[in-house]
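Shared chain: chain A. Partners: chain B in the first complex, chain C in the second.
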Partner chain A sequence: MTKNRKWIILFLTPGIILFIFVFLISIVLLVGTSFTNWSIGSSISFSGIKNYIYLFTKDKDFITSIFNTIKWIALQSTIHILIGVGLALILAKSKWYTSLVRTVFFIPNIISSAALGLLFLCIMNPQFGMVNNIITKIMGEQFVHNWFMNPDTAFFSVTMTWLPYAGLVTILVMAEMASISKEIYEAASIDGASSFQQDIYIVLPMMRNIIGTATILAATSMLQKLDIIIMTTGGGPGARTMNMPMYLYNTALVDNNYGLANAQGVILIILGLITLISVRKIYRMDKEH
Partner chain B sequence: MKVITPIKKTLTFIFISFIVIISVIPFIWVFASSFRGNAEIMSSVSGFPSGLHFDNYVAAFKIAPLMIFYKNSVVVSIIATVINLIIFSMAAYVIVRCKFKLKKTIIIAFSLALVIPGAALLQPLYNTLSATHLYDTLAGLIIVYAALGMPTTFYIMMSYIQTIPYTLEEAAYIDGAGFFRTFMQIILPLTRPAFATAGVLQFLFCWNEFQFGLTLTGDKMNRTVPIALYYFKSSFASDYGAMFAATVLVTIPSIIIYMLMQKQIISGLVSGSVKG
Partner chain C sequence: MKSMLKKVMALMVTLTMVFTLAACGSKTEKSDDTVSKDKPVEITYATFMVGSHVSAAAEKEVLDAFNEKYEGKIKVKVEELPSDDAYVNKMKALAAAGALPDVINGKNGLRELAIKNGQAVDIMPLVEADAEWNKYVGEGAINYSKTEDGKLYSIANQKQIVGYFYNKDMFETTGITPAKTWEEFMSNNEKLKEAGFTPLAMMTGENAWTTNLWLAAMIGTNGDEGNEFMNTNYPDSYDNDLVVNALTMVQKCLKDYTTPDAIGAIYANAANNFLQENTAMIANGPWMVPDFTDTSKAKEGLVDRVGVSLYPNDGVVAQYEIGYVLCTANKSKEEQEAALEFLKFKTGKEAQKIFLEKSGALPLTANVEISDEYKAANPLVVDLINLADEAKYGFENMDNTAHSSVIEEFSLNYPELVYGGITPEEMASKLTQAANKHKEQ
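Moving on, here comes the complex of A and B:
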């Protein structure tokens, strides 16, 4: 083993360098400069927790962005998961359309979210969008909206770009379900359990870990949604659809207020950790690992 | 029981139809619209074009330097994927097979990368890349992408290498092969499926990535394909036909890769996320 020492070092060094360059330096910079007053053209000066105080007491749009992000996390970890798990339970009964539906349902997850955002911008366009065309035909002109720009519908419209698209959840759950042995189902049906009862009392409890994992992925993905927001509403109208990544982007790259942006980054990471820990607690995932 | 079944069947049918409709119709509509003239887009209610107009595609290439974006995307995605695979397959191998002091620390550090939302890194990376003169270069983007794909590749590789019986390597050592040769001739050929899985995921990630591409490049000579869409959205909002065409052009490669490599993608997502 000792003579392998140089190989161990040689094999690990590139990965560690990359990690340090992209992650470690960034995190040190992020946390460090979040306690400074630093914007473009001015020199850095230490300002203690002033950025944080400002964000939580004076910056209304930032507070809105936190609330919106939390709302989306909540929606994503409930409805989104329900759709994905529900579909997995249906498709697992190997219907003729199983592989077709599973394949098709994953397409929106596999393309660039920027493209998905633009696609939704087109189909919900007030003048020529598909959604308004259909609504006009079925219900009449008065139900037509400017979906992304109307303050009443903007939040809903943005939510619709990701909430139903639970293809990843379906795929993860179905992969895990494939590992349940047939004998368990047989034993259950001999005992007189209907397929619905089997799903509720046998399959779902066995899926606890994978559903927990899917929930973590779905919930934390809401901390990443810059692309769709930037392509559709840009956080507007007002701050109706502002989320934390979008607000951070604006602060850092439009206002060039780096200190303030990095304080937001720290809060974003903390929110991510809180989400992760809560989901793990709720699904009691700590025991297995 | 007998009453419930038809209701259940109907509900299932509605649910499945809903899923298929929301996943397919928007794409078909945009695809169809990309062949229609601007006037037709504004007036027509039906989704189907009256004829095939490729004008939108011609316009799309005129409005944004799409060829350059495509070339950049291909270069960045391929190189970042190769670098990512080489570096993290090596790291994963050593982590799985060797005993050393900092092993735990490295695993934890590499996993931490999973819980950091990308947006938090935007400004710091912009800063680091500017300081190292990598801002607005393809090389900078390649380094960042290779690192961002780290957790997924690392986990896929680790879980795959764990399934390889150690006796193979032992035999190689007994035959006198060194550490490096064992890795190259025994491990690499055996881990080919894992390379395919991690590789296709990494490639798709690079191809689709938007926020770092937008933030870490400035000149249009160094932008990637997804950023082209931002172009269409912000500066040329009036030419809807070209916008449709651009959406199709960006989306099609991802869908083709997905159709061809579905098996690898699914198994990669499963092993990559279950571990994390």
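Moving on, here comes the complex of A and C:
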């Protein structure tokens, strides 16, 4: 065992060095500079928890960005997962359309987010967009609506650019479902369980961990969403579609306030950890079936 | 033996992985490497005037001309960024690292960042020492960019005179002429709308350029007080009647007198709407004139149907661009000299002439003559120059006078203003808050 330990340490060393120099040092610097006044060209000075007090007491747009981020995490962890798992259950029946639907449904996941944002800008354009044109044809009269910029529909429109596209969730669940022994299905059939009952009482409980993993991936992706928001609304109108990454980007690159931006980064990381722990608890991922 | 071989191989694999990580890091070239008696001195320059940018052809011609003139002595390494926004964001990141290119365009606060991080060079002594360069840059451009303590950190390469273009056919059909007052302007918009035309090509995305030109004009022609406000750099407050009244007018224009896609639109959308004759007017500068004859962008013969006008109350945006900054404070003598030669060329006679002919950018002084052939081929530019001489109010635009955080606030809040989410007073307050963000913590 001692002999093996040496080899283990030796092979882990490059990964650990990479983690320390790329991630750990960056996080330490991030946390440290979040307690400073720091902008381009000025010297860094310690300011205690002033940045955090400012963010939570005076910066209404930051509070809005937190709530928007939490809303998107909640939506992505529920509706998005529901769509992905539901489709996986349907496609797992191996019908003639399984491969086609799986491939088509996965396409939005392989297009770059920036390109997807541009695509939706065109689809939802108030003048020549496909959505307004279809509604015009159905209603029989000219329908003009600015989906991304109207305050009533901005949040909904931005959400639609990622919420339904659960191809990754479907693929992950289907891969896990393929490992379920056929004998379990046969036993359930013999006991009189319908296809629906088998999905609910046998398949889903067995998919707990993979669904939990997919939920973590989906939820934490909302903590990184920046490119689609930049391409579509920029966080507007007002702060209606502003999320934490977008607000952090503006604070760092528009306002040039790195101390404040890093404080936002720390809060973002804390939110991510809370999300991770919560999902693991809900899905009881540390417990066996 | 086998065990020893295994250990050696494992060690070699580990070392290979570690050295691969080190090799993945960026190489920092010593500045001595760019200077050698045998090789040309290499300098760096970043530009956003590429691709479909109105000045892309002019920029390329200037860069080619410089490389040809200085072949073997100086080589310009150009970094191309695909848009104004991408350029500004990249330069801000480089400014934070103290790694700006040797020459940059100092727009949108980049000049101030270069000064703050110590890379910008005071070029006042250099301009004063070169009579030829001084002659083509002129006192106007120098005084515009000079700091209070007499230092000069940027030099423009073009003068900006901005009014608005209008579709003469649409105006004639509607029975109107370019408005002399803002009341007449709003009345003209209503008449155009009743005649079945969309009056204005506006935009609220990016820097809300065409919309903010109207806003600047509404404020800048509102008496001496308004004119002073629009000639003040980085005002601390927008909470005043001048701004609120102007925002009220802009709100009406965005609601009733522009295209459905104006809210959230970028420059390309607004320009396209005018060039495709979807709208009757667009506020923009003479650099747009070449587009009127470009059939890949504009309807056939549009140039013959376009007129140019001052803003109501005889106002015109009259300013110099922020211009180019020499960021070689910490570089070797050879690199500083090479970059200075590039800056002189970029802002000198030949470059100003190329930019005039290829992109309609006006030269800094009358010493760069506008040829009779150019005047005959570009009557709109000549009209604008003549009109500007008669203007009562000259003022700057929002991009030059406002903090970048304020420009961002315009873009975010115009949609709220249009859809009734906020009032003009509330928007003015938000602009004030944005202007004071850096003071608040």
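The rule we apply is simple: the second predicted complex is superposed on the first by the 261 of 289 C-alpha atoms of A that agree within 3 Å, B and C clash if a C-alpha of one lies under 4 Å from a C-alpha of the other, contacts with A are read in each partner's own complex, and residues count from 1 in each chain.
We adopt the following convention: a residue touches a chain if its C-beta (ideal position, glycine included) is under 8 Å from a C-beta of that chain, and two chains touch if they have at least 3 such contacts.
Because the structure is predicted, anything quoted here is derived from the model rather than measured.
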Fit or clash - chain C, chain B, common chain A: clash
First, second, both or neither for A:L253, with chain B first and chain C second: both
Partner contacting more residues of chain A (chain B vs chain C): B
Contacts of A:I27 with chain B and chain C, given as first, second, both or neither: first
Contacts of A:M149 with chain B and chain C, given as first, second, both or neither: second
Partner chain in contact with A:L18 - chain B first, chain C second, else both or neither: both
Chain B versus chain C as contact partner of A:I123, first or second or both or neither: first
Which of chain B and chain C A:S39 touches, first, second, both or neither: second
Touched partner set for A:F105, first chain B, second chain C, both or neither: first
Touched partner set for A:I49, first chain B, second chain C, both or neither: neither
Touching partner for A:W7 - first (chain B), second (chain C), both, neither: both
Against chain B, colliding segment of chain C, chosen among 78-86, 150-158, 222-230 or 348-356: 78-86
Chain B/chain C common contact set on chain A: 7, 11, 14, 18, 125, 127, 253, 258
Chain A contact footprint on chain C (complex, rising order): 10-11, 14, 17-18, 21, 89, 92-93, 95-96, 109, 113, 115-118, 204-205, 259-261, 263-264, 404-405, 408, 411-416, 419, 421-422, 437-438, 440-441
Residue numbers on chain A that touch chain C, as the complex places them: 7, 10-11, 13-14, 17-18, 37, 39-42, 47, 50-51, 54, 58, 125-127, 144, 146, 148-152, 154, 233-239, 250, 253-260
Chain B to chain A touching residues, read off their complex: 1, 8, 12, 15-16, 18-20, 22-27, 29-30, 33, 41-42, 44-45, 47, 86-88, 90-91, 93-95, 98-100, 106, 109-110, 112-113, 115-128, 143-144, 146-148, 150, 154, 179-180, 183, 204, 207-211, 214-215, 225-227, 229-230, 232-233, 240, 243-244, 246-247, 250-251, 254-255, 258-259, 262, 265-267, 269-270, 273-274, 276
Residues on chain A engaged by chain B in the complex (per definition of touch): 1, 4-5, 7-8, 11-12, 14-16, 18-19, 21-27, 29-30, 33, 83, 86-87, 90, 97, 101, 103-108, 110-115, 117-123, 125, 127-128, 130, 133, 136-137, 164-165, 167-168, 171-172, 175-176, 194, 196, 210, 213-214, 217, 220, 223-224, 226-227, 230-231, 244-245, 248-249, 252-253, 258, 261-262, 265-266, 268-269, 272-273, 276
